[in-house]
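So, here's a batch of structures to check.
Shared between the two complexes below is chain A, which pairs with chain B and chain C, respectively.
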Partner chain A sequence: MPPGIERDVNRFKQIVRGKVRQNLRKYITQGEMIGRKGREAVSIPIPNIDMPHFRHGQKGSGGVGQGEGEPGQPIGRGQDPGQGEGSAGSEPGQHIREVEISLAELADILADELELPNIQPKGQDSIKSVKHKYSSVRQTGPDSLRHFRRTFKRALKRQISSDAYDPIRPVIIPTRDDERFRSWKDVSEPQTNAAVIYLMDVSGSMTDEQKEIVRTESFWIDTWLRRQYDGVQRRYIIHDAVAREVDEDTFYRTRESGGTRISSAYKGARIIIDRDFPPDDWNIYCFHFSDGDNWGEDNQGCLGILTETLLPVCNLFGYGQVQSPYGSGDFLRELKKIDGDWENLILSEIAGRDDIYDSIKQFLGTGR
Partner chain B sequence: MNIKSQVRQQLQSLMANPASLPTTVRMTDDDGITMAIDFSAIDSMSCAFSEMTLEVRRLQKAGAATLEQWARQLSQRVTYLLEQIGPIEIDPAANQVLIRSTPPDQQPDGTTFYEIMLSAHTGGTFTLRRYHAIKGIPGRTQVHMQVTHQVLEKLVQDLVDTIP
Partner chain C sequence: MTLSMHRTLPADLKAIQDEMEGHAAAYGLDFFDTVFEVLDYDELSMFAAYGGFPTRYPHWRFGAQYDELMKGYSYGLQKIYEMVINTDPCYAYLLKANAITDQKLVIAHVYGHCDFFKNNAWFAHTNRKMLDQMANHAARINRYIDRFGTEVVEEFVDACLSIEDLIDPYLPHIRRRPAKVSQKKTEAEEPSRKQPMRFETRSYLEPYVNPPEVMSSLDDTPDQERAEHQRIPAEPQRDVLLFLLEHAPLKDWQHDVLSIIRDEAYYFAPQGQTKIMNEGWASYWHSTIMTRHGVTGPDLIDYADHHSGTMATSPQRLNPYKLGIELFRDIEERWNKGQFGPEYDTCDDIEKKENWDLELGLGRDKIFEVRRVHNDVTFIDTFLTADFCRRHRMFSFAYNDGSKNYEIQSREFDQIKQQLLNNLTNHGRPMIYVDDGNYRNRGELYLTHQYQGNELKLGEAQETLRNLERLWGRPVHIESVVDDLPTVLSFDGTDHEMVTL
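Coming up: the complex of A and B.
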C-alpha cells in the first residue's frame, strides 16, 4: 500500500475508533453489533463521517475564472428553483455508514473505556497448540508457493555451471528441476487457554428480552476473554429443572416451560470441566444468568455444588441476575451469603439493558 | 357442608368479631378437601387475606399431567382477579406447576402479580399468594389480596370445581 494511502487509512481507523469509543455504551446496551459479527471482525453502524469535498455545478453556468467580475458579484448563476410537492423537512438527515472493526480492537476499546485490568492467567502454559510455520523449502508444491529467489538462483547456478549463461544477454530460464517451493513445518507452542462455560436459565419465567440481555453480555465477555487468551473454548448449558449442553445457537433461542433448578446446571458444568478441561491446565470461567426464581429447596444444593466443586477450580464464577417481568428472584440473596468467602465469585444485578455496561465491568474488572 | 357455604359462614362470623383478625380460618368439606385462608381485614363488602391454601388428598400422587390440567382449567375459569393468570412453569420431576399473572401488573415503581403453586409433593396442595417486586431490588415481598365477599366465594367455588 502506498505510504500516502496507508496514512489515510490509519487516520480513518482512528476516526472510527473514536466514534466507537464515543458510542460504546450505546453499542453495548443495544447489542447492535452482534448480528453483524464475523469470525474476526464486527461490522458497526456509525454516523457518517463528513469529509470535505468539491461539488461541481452545471456545465456552462459560469463561476470562478470565467470573464470579468465586480466586487460582491455572486459566483455562478445558480439553479432555477424546481417544481415539487411537499415542503422540505426541518430535521437533519441521518446517514449511517457501516465499518468493520476487528474483535481485538473492539476488546481494546472496551478495556480502555471500562478500565479493565489485564487478566493474570493461572499459570501453566502446558497446552500445546500446533501452528504451521512456512520456514522450509521443498521441490514440489503449488505455483502460489513458488520461492522465486531460490528458483532463480538455482537456475542461474545451473546455467553458469553448464556454460549456458551469457553475461551480455543474461536470460535465465528455470527448468522444473530448478523450481523450489515454500513449505511449512508443524511447530508446537505452549499457550494459555481458557474455557468459558455459559449457563442460562431458560425456564418459563425468562422472556426473550432477558435472553437478549444475556446474549449481549456474553458477546462482550467473549470478546474480552478472546483478547486475553491464545485459545478460548466455549461450552453452553441451558437449564430449567434439568440441564443440557447445547450449541451456541440453541443456547440463545431455546425457551422451556419447566421449573427452575439451578443445581442441575451447576452439576452439568462440573461434568464438562471434569471431561474436557483439567483445572491445572485451563483457566476456567463460568457465567450463569438467571432471573433467580429458583425453586425453594434447591438453593442449598446449589450452594453446596458451588462451594465444593466449582468455585475451587474457577478463575471466575460470574452470576448475573436478570430482572424478569416478575421482578427478581431470591437466588442472588442466597449467593450473597457466601460472597464474602470467595473472591472469584462475582455477583451482578441486571435490571435492564442499561445495566449491561456496569455488569460487564463488574465481571471483568477483577483481572482474574 | 361444602366449602363455599363454610366460607360464607366464616365471613359472617369474622364481621361479627373483627377483633379476632388477623386469623387463619380452616374448613373441611365432606370429600376431605381442606381449605385455609389467612384473613387480615374485613368489612361488610370485602376482605383482605395474605394466603389461601387448598389440600386435596386424592391428588397426593397426581402426576404433572393432572396438575397441568388443573392449572389450565383454573386459568380459563378464574378471569375476574386483577390480572389474568396462566401456567408459567411445569416441573414434571417435582410434580409442581407454577401459575402467575400473565402479564403481571407493571407500574413505574415495580410489579405486582398473583402466584399459585400446584404441588403433589405435600399432599396435593394449591397455594395462592400475591407478590410485589420493587424495581431494582432483588427479591419480592408478599402482599395482601383484597376481594369482595362475592369474588372470594366464587374463587373458592371455582377452585373446588376445577379439581381434576
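Coming up: the complex of A and C.
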C-alpha cells in the first residue's frame, strides 16, 4: 500500500471496526452474520457509514438510457445500488453497504467487547507436536524438492566460469553437482489444537427458536476458539432418549420427539473423546444445550459420568439451558449441586435471544 | 510524504508522448505542458481516491474509496486506465500494466482533456496551482489535528463534507452581490416605522396625555415588519457554505476547515458540470488521432476492443463517453454540411433534408467553439436533436412506485431531452437555498429545497440536517415535499421533527 493512503485506510478500517463493535450486540442476537459466512471472512452490512447528503430519493426519479425496448418495459430493479439515479454516470460508486471482515478480526472485536481473556491452553509444555520446517538445503533429495533458483544459479556460475555461457543463446543445463534440494528440520512446537463437542437436546420440547439460539451461540464460540487455537475440530451429538453423532448440518436441522436421557449424550461424548481426541494431546471443549427437561431417574447417572469421565479431561464444559415453553429446567438444578467442585463447569441460563450475548461471555470469560 | 513522486518516463512511452503531442498540436489542440507518470495500480488507486492529487488532508473517506477501488480491481470488476488533473502543468498518470496500445490511446485521450481544461470557459476560474493548494490544505488540517486531536477535527470535517455540495456553481462566473456593500441607508430612506397615534400637546403634559406604558403596548404591530426588513440573507442564497462562513458561530480553525472544503468543492465543480463534454471531447480526439496516425497493424484489434469497451451503452445508464463523442461528431457533420439554421429547420422535405449539403466545412471550427463556451446542460440543450435521439435509440425511464421498477417511459424527443436536462442540472442533485438565517427570530436556519417533482431521500436528509446543526449551533429546518405534501424537516440538536405545512 502506498504510504500516503495508509493512514486513511487504517482510519477507515478502525471506523468499520468501531461500527461493528457498536452494533455487536445486535449482530450477536440477530444471528445476521451466520448466513454471510465465507471461509475466512464474513461480510457485514454497516449502517450509516456513507457520508449523508441531501439527495433525491427514488420516487419521481428517472433518467435516460440507450437500447431496445417499448415504453413500460422494466429495465432495472428499484433497489439496485447506483443504478438509475444521476443517470449520466455522474455519481461515482460510493455505496459502501457491506464490508468484509475476517473471522479473526471479528473474534478480536468480540474479545474486546466482551473482555474475554486469552485462553491458556492446558499443558502447554507437555503437549508437543513435531513439525517439519523446510529451512535448509542439501545436495541430495527427490526432484519434487529441487530448489530451482539455487540450482539454476549454481549452473549459471559454473557455466560462466568455465566459459560455457553464450549470452546470445543463454541455455543453462544443470549437472548433478549443481542440483540443490530443500531440506527440513524437525521442530517441536507446543500443540494448540482444540476439539469442540457440541451436544444438543432435540427432544420434542426444543423448538426451532431454541435451536436458532444454539446455532447463533455456537457460531460465536467457534469464532472465538478458532482465533485461539491453530486447529479446531468439531463434533456434534444430538440426543433425545438416545444419542447420535451427526454432521453439522443435521445437528441444526433435526427435530425429534420423545423423551430425554442426557446421560446417553454424555456417554457419546466420552466415546468420541476416547476415539479421536486423547486428552493428553487435545484441549477439549464440550458445550451442551438443552431445555433441562431430563428424565428424572437419569440425573444421577449424568452427574456420575460428568464428574468421573468428562470434567477431568475437558478444559471447559459448558451447559446452556435454553428456556422453552415445555421444559421444566430441572437439570440445571442438578448440575448446580456439583458446580462448586468443578471450576471448568460453566452453567448458563438463556431465556431468549437477548441473553446470548451474556451467555457467551459466561462461557468464554473464564479464559480456559 | 513528498509532493512529487516523479519518475522519468521510460523511453518508449516518452517517444509515444512526443508523437501524440505532435499530432494533438497539429490538430490545433491547445494545452498546458503535460507531465506523464507511470504508476502501479495501488498507487493509481491512491491518486484516484485522492481525486488525482498526491497529497490531501487525512480523512477516512479516501481510505474507503481506495479500499473499494482495490477490491474492484482484484475482483476484476473495474480498472482505471488513466487519471489527469486540471493543473498547469497538467499531471497525467498512466497505469504501468497497460499494454502499449492502451498507453497510446490513453495518452491521446489525455491531450483531449488537457485542451479542454485549458480552454473551456467553466474551468476559467479554477486554481491551476491546485497541486500546491491541496498540499497547503493538507498542512493546515494536519496542524489542526495536531492541536485539537483527530476525532474532533474529523467529526467537524465529516459535518462539512456532508453539505459540501451546497454551493453555487455559477458564483465564480457571476457577480451576484455588489462587490462592496453600499452605504447604509439614511434615516429618511428607512421605511418609517408605524407610530401609534399621539395626541398633540405641550411637552410638560406629554407623560400624562400620552403615557409611555400605553404607547409601548400599542407598539406591537410592526414586529413582523421589522423582521421582514432584517431578513438574512436578503434573497435566498444558494451558496450555503458561504452563508455558514459568514454567519455561523465557528471557531477560527473550524472557519478555516470549512473554507478549505468549500474551496475544494468549487475546484471540482466544473468537472461535474462538463462530464459529457469533457469525456466526449477527449474520446473524439483519441479516436481521431489513433485511427489516423496511432494505430499500426498489430494494435488494431486491441485498440478496437478497448475503444468499443469504453463506448459501451447500457439501458440503465447513459455513457458520457459515448454521448459526448457522438454529439461532437454530429455537430461536426451538421456544420460541415450546413444542416443548421432556420432554412434547414423549417424544411419539410425529408429527402431534401437528408441530402442537405452546402459544403460549408465549418465542422471543426464549430466543435472547437462548442468546447470553449458550453457546459453539459447548454451542450445538450443546444445540440441534442430528435434525429440524434432516434439514431441512438435513446429513451427516458422513470421509477414506477407501484412495481418498484425503473421502466422505459418514452421515446419522444421532448421528454428525453427534458429528462436528460433534469438529470444534468445541478448534477441531478436537489437545489437547496438558504432562506432565512434568523427563522422565527430565534437564530434558526431555514433552508428550502426547490421541489421539481423529485422528493428527497428522507433518512439521509435527516442525517444531513444533523450535521448541519453541528455547524450552525441552533435548530435547522429544510422545507421540502414528503409524500406529495409540502413539509418542513427540522432538527433541534436532539430530536427530528416533520411538520406538514
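One rule holds for everything that comes next: the second predicted complex is superposed on the first by the 242 of 368 C-alpha atoms of A that agree within 3 Å, B and C clash if a C-alpha of one lies under 4 Å from a C-alpha of the other, contacts with A are read in each partner's own complex, and residues count from 1 in each chain.
Following the convention adopted for this analysis, a residue touches a chain if its C-beta (ideal position, glycine included) is under 8 Å from a C-beta of that chain, and two chains touch if they have at least 3 such contacts.
Remember, it's a predicted structure, so these values are computed and weren't measured experimentally.
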{"item": "First (chain B), second (chain C), both or neither touched by A:56", "value": "second"}
{"item": "Touching partner for A:70 - first (chain B), second (chain C), both, neither", "value": "second"}
{"item": "Which of chain B and chain C A:304 touches, first, second, both or neither", "value": "neither"}
{"item": "Touching partner for A:45 - first (chain B), second (chain C), both, neither", "value": "neither"}
{"item": "Touched partner set for A:349, first chain B, second chain C, both or neither", "value": "first"}
{"item": "Which of chain B and chain C A:241 touches, first, second, both or neither", "value": "first"}
{"item": "More chain A residues in contact [chain B versus chain C]", "value": "C"}
{"item": "Touching both chain B and chain C, residues of chain A", "value": "none"}
{"item": "In the complex with chain B, residue positions of chain A that touch it", "value": "203-205, 240-242, 257-261, 292, 295, 321, 323, 325-330, 332-333, 349, 351"}
{"item": "Interface residues, chain C side, partner chain A - complex", "value": "1, 42-43, 45-46, 49-50, 54-55, 58-68, 150, 154, 158, 161-163, 165-166, 272, 275-276, 313-320, 322-323, 376, 392-401, 403-411, 416, 419-420, 422-424, 427-430, 432, 449, 453-458, 460-461, 463-464, 466-467, 478"}
{"item": "Chain B residues touching chain A - in the complex, by the definition given at the top", "value": "87-94, 96, 98, 100, 103-104, 106, 110-111, 113, 131, 133-140"}
{"item": "Contact footprint of chain C on chain A as seen in their complex", "value": "1-5, 7-15, 48-49, 51-80, 83-91, 93-94, 96"}
